[in-house]
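Take a look at the structures below.
You will see chain A twice below: alongside chain B first, and alongside chain C after that.
Then we have the complex of A and B:
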């Protein structure tokens, strides 16, 4: 592949594009100079100027928040199992039993995570106010996604219902939720839900925020699913009708599987957005990943080291988002592999 | 002779007073094949879609397998009819997210509550009959049009229907693929299946049908045996239509 000839052609091409006349040459040189200066400065800062101690000495904080240090193996186990599962999903062998049970395994990581965090049944119980860091961010994302998907599907189906009351109610809900900024819904979850609940019933802060995220995201998911439902031709329903399937069977076997497939790219998008939006909880007092960063910056020892902390957090957010995006694409690819026309 | 379908004075009009069906009556006996012909827009598709409740009608009544339907769309009765009547569509309408075998076993397993293994065994037998059992694990988009239509016939047969409805089953196919579908239908007719077929295939109608019904503008223009209809049609409108078909 790499022979002298092809390199020569490549150089010739570069020369034609960037240095074909004097004006182009000047432009190219100036831009190349600017880019290399930017890179040089960045690298200089990363390697010589930045003080990474604010990151390296606080790694357990970023990962687990104020989780008691002798129990930190529990959230660590959870995060590592999620990572392993991602790797198996992406690069694992094509064994049929493995692939058939992957979805179930993914869903079961949520009860596993809750058990590891809460404790009980042989583990010492730990209150949710000690949860934090990346662990809490991932917990908020996974739980809210898991709950908002079925809720979103139900909303989308209600919006297509033939009963006017149900249709109207669900479309009002969706429109209202989309008209309110997320931060307002989160404030509602943190400050107002405790007021509405009867005396003696309390939902802790983590669950209140999961509830608020679920209420918000499911409205968007409902619209994505509705798009999927509308893309299914009516002839599919006719064919299912003529086979004697009833309304619920048509929804279960024909409409939902096809709508989910069509909506999958949009759903991946929603869950990545949700992951990033969990950082809003830092303002509302949950010490998730961004919250940890803020509390570390409040420590006199690390005062003023904003750039290091935020660059580091950006990298972590980027890494997790990339993993989610790759997983989403992988799922899309798998679902459409056998269906060229679909 | 046990009648399977008796339709009396079916009438259906759309808004603006256009009649899709205008006083249509017909009878199909057990084991017989009725071919419905007519120009497009003549109401043939509407007619056979009323027989499994995909279309409503405004006047008249239908008796299918002893179940009586009138213009009040009774869902429960329609559901009972659909379990005993199969339908094959022009555009196949297979479920793209299910494999061929899953397409066929969906209704037997969920509507008739049969065991999956039993339904799969019967599904493989039907695919064998249609000559496509080697494709059972594939998905609809991996098959040619003719193969997809044979899967659709197998899917309709999986409920062991007493009547099969065909709505222009070969109109969406390449000319070279038409015969593989028509041959499958010929075999079914030989096995004594009662069928109502909307089609423009004169050869098929001559060979297989027991009765030809010609429609135009929602009306039945003439009903006769295929021999009489194709050699000596009574009405000008039918003759004109047949001439057109011959020219093509």
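Then we have the complex of A and C:
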């Protein structure tokens, strides 16, 4: 219900903030003018000047790349199930069995996605070079984050270990990985992984890049989790020792759950960063979301329409990043609200 | 008993790591023999036979690969240092606007930060290059006599010309990093207790004076480590220069691999050059940190 008084107070507050003295008033007015000009120009461009045909006529390409068109329901099913799962996680009912199995459901989306993309067992098999678009971007992100989390935890535990040799080895790995740029890791991953494998065994491009992403991101995740491990007070370990838990039980029940909870905001940032960084594969020969944009721009029909394509791609990236950030914050909130239910 | 077990574990890990590395090196040598490449660095002194658009020191295509790599390293250093200055300047402005009293400015800077942080750097770089500079076509964006000129040839300022590749990279990296630096600076300012603000106001100091002589000196120790890690990130991100065609150390390594196929050697060279860059940045930040701590002590 609107209340005249509260509106008056609100206006008074606005006046205090923006128009408290002459200088402030001029400043605020100039800013408001600039913002409205920028908004007007943007709207005018979006509605009248921009030619959105380059986006609307290529929507399946952005979503699925060059996936055979009669099989495109498969990646579509996967993306829609991921979206549905996000919505259930955020707004779903508070059923206990649902909440307890949510983590498992999230992890099981990855084999589901791989099955839907690869085919076999009743679906026609499709080679990984036909994968592309947003599907490939999401696949790279989910697979690499799933693989790099356990690897990162192991590295972090090794770095905190009391055995000097193990500590040294993992800290060398982490420091070297954090010193090299990602694009170098990815590029040399494409070039060097085949050289390090025995003759006759080959990994395709997508898996090579997932492997390179995993090697790279796990070093960063290890540092985040190490921060979480260091934040756990020593008394916890003493208490666990006095309860008679052995070392593995301490790691499993005391250290890892708490370290993960403390490191969660940083881990969310890492996975958002990973999602953004999958765009680097566009210059290394995978046709993921940005790669699709580049290939469309190379099409003579749409030549020179850089602004439309890039603005559209920026919106897609921004949207997915925001969804990821919201999911991360939701998880954080649940964990602090209900620490026992980890 | 416990010590013996520790030694046993470490020996086990040691044997495991050595055997894994051994298998990998074995595979590598087999593959290198198969492809007839071998492992040596003598190719470094052969003529490079590719041209570089930008070279701070004299360079021609008959110069050696080693010289080309050094030029690339200098190019990297050039773009890193200039983007670092730009990012610090912009980031400080946005960070202050975010923490300041004016909530309109705060709103704008919050929008700036979310937009920049939620889109990939590569996309932003392409945006700057293809739309910001190449999109200008023949028409010149700003042209003030012979002093300042922005066109698709880049930026010209008093005879100092910056190529469009360099400028796109400079703005892309600078703007991207500035959003992160703004958050670092905001965190630093918020880490100063509120009582400090109230104290200098009650002493009758003006806002500017209080900010610069009370708040910032106390915020700096919290800001410097964050800044260092952002600078290191910027240095690593500068390798995306290859997307806009600027010849930095990574782009030159890439060209050399395409010409000679020497991936392993180039990887080692790239690793060492980045080690040097990282050491340079972190050591100079360490020196700055020491100066700040010292100046606080004697005040």
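Simple rule for what comes next: the second predicted complex is superposed on the first by the 309 of 342 C-alpha atoms of A that agree within 3 Å, B and C clash if a C-alpha of one lies under 4 Å from a C-alpha of the other, contacts with A are read in each partner's own complex, and residues count from 1 in each chain.
Note that in this section a contact is a pair of C-beta atoms (placed from the backbone, for glycine too) under 8 Å apart; a residue touches a chain by one contact, two chains touch by 3 or more.
Fair warning: this is a prediction, and the values are worked out from it, not measured in the lab.
Trainee: By the touch definition at the top of the document, which applies to A:160: first (chain B), second (chain C), both, or neither?
Mentor: Touch status of A:160: no partner.
Trainee: Look at A:236 in the shared chain and tell me whether it touches chain B only, chain C only, both, or neither; answer first, second, both or neither.
Mentor: first
Trainee: What is the contact status of A:179 with respect to chain B (first) and chain C (second): first, second, both, or neither?
Mentor: Touch partner of A:179: chain C, not chain B.
Trainee: Scan A:249 for contacts with chain B and chain C and give back first, second, both or neither.
Mentor: A:249 sits against chain B, while chain C stays out of touch.
Trainee: Tell me which partner A:169 touches in the superposition: chain B (first), chain C (second), both or neither.
Mentor: The answer is second: A:169 touches chain C but not chain B.
Trainee: Can A:66 be said to touch chain B (first), chain C (second), both, or neither?
Mentor: Once the two structures are laid over each other on A, A:66 reaches no partner at all.
Trainee: A:261 contacts which: chain B (first), chain C (second), both, neither?
Mentor: So A:261 only meets chain B here.
Trainee: Using the touch definition from the top, say if A:27 reaches chain B (first), chain C (second), both or neither.
Mentor: second
Trainee: Once the two complexes are aligned on chain A, which partner has more residues of chain A within touching range, chain B or chain C?
Mentor: C
Trainee: Going by the contact rule set out above, which residues of chain A touch chain C in the complex?
Mentor: 17-18, 24, 27-28, 31-32, 35, 162-166, 169, 176, 179-184, 187-188, 191-192, 194-199, 272, 276-277, 279-280, 282-283, 290, 306-307, 310, 313-314, 317-318, 321-322, 325
Trainee: Note which residues of chain C are touching chain A in the complex, please.
Mentor: 6, 9-10, 13-14, 17, 24, 27-28, 30-32, 34, 101-105, 108, 115, 118-123, 126-127, 130-131, 135, 236-240, 242-243, 250, 254, 257, 263-264, 267, 270-271, 274-275, 278
Trainee: Which residues of chain A touch chain B in the complex?
Mentor: 235-236, 238-246, 249, 253-254, 257-258, 261, 338-342
Trainee: Enumerate the contact residues on chain B facing chain A in the complex.
Mentor: For chain B paired with chain A, touching residues are 52-54, 79, 82-83, 85-87, 89, 91, 93-97, 99, 106-107, 110-111, 138-142, 155-156, 159.
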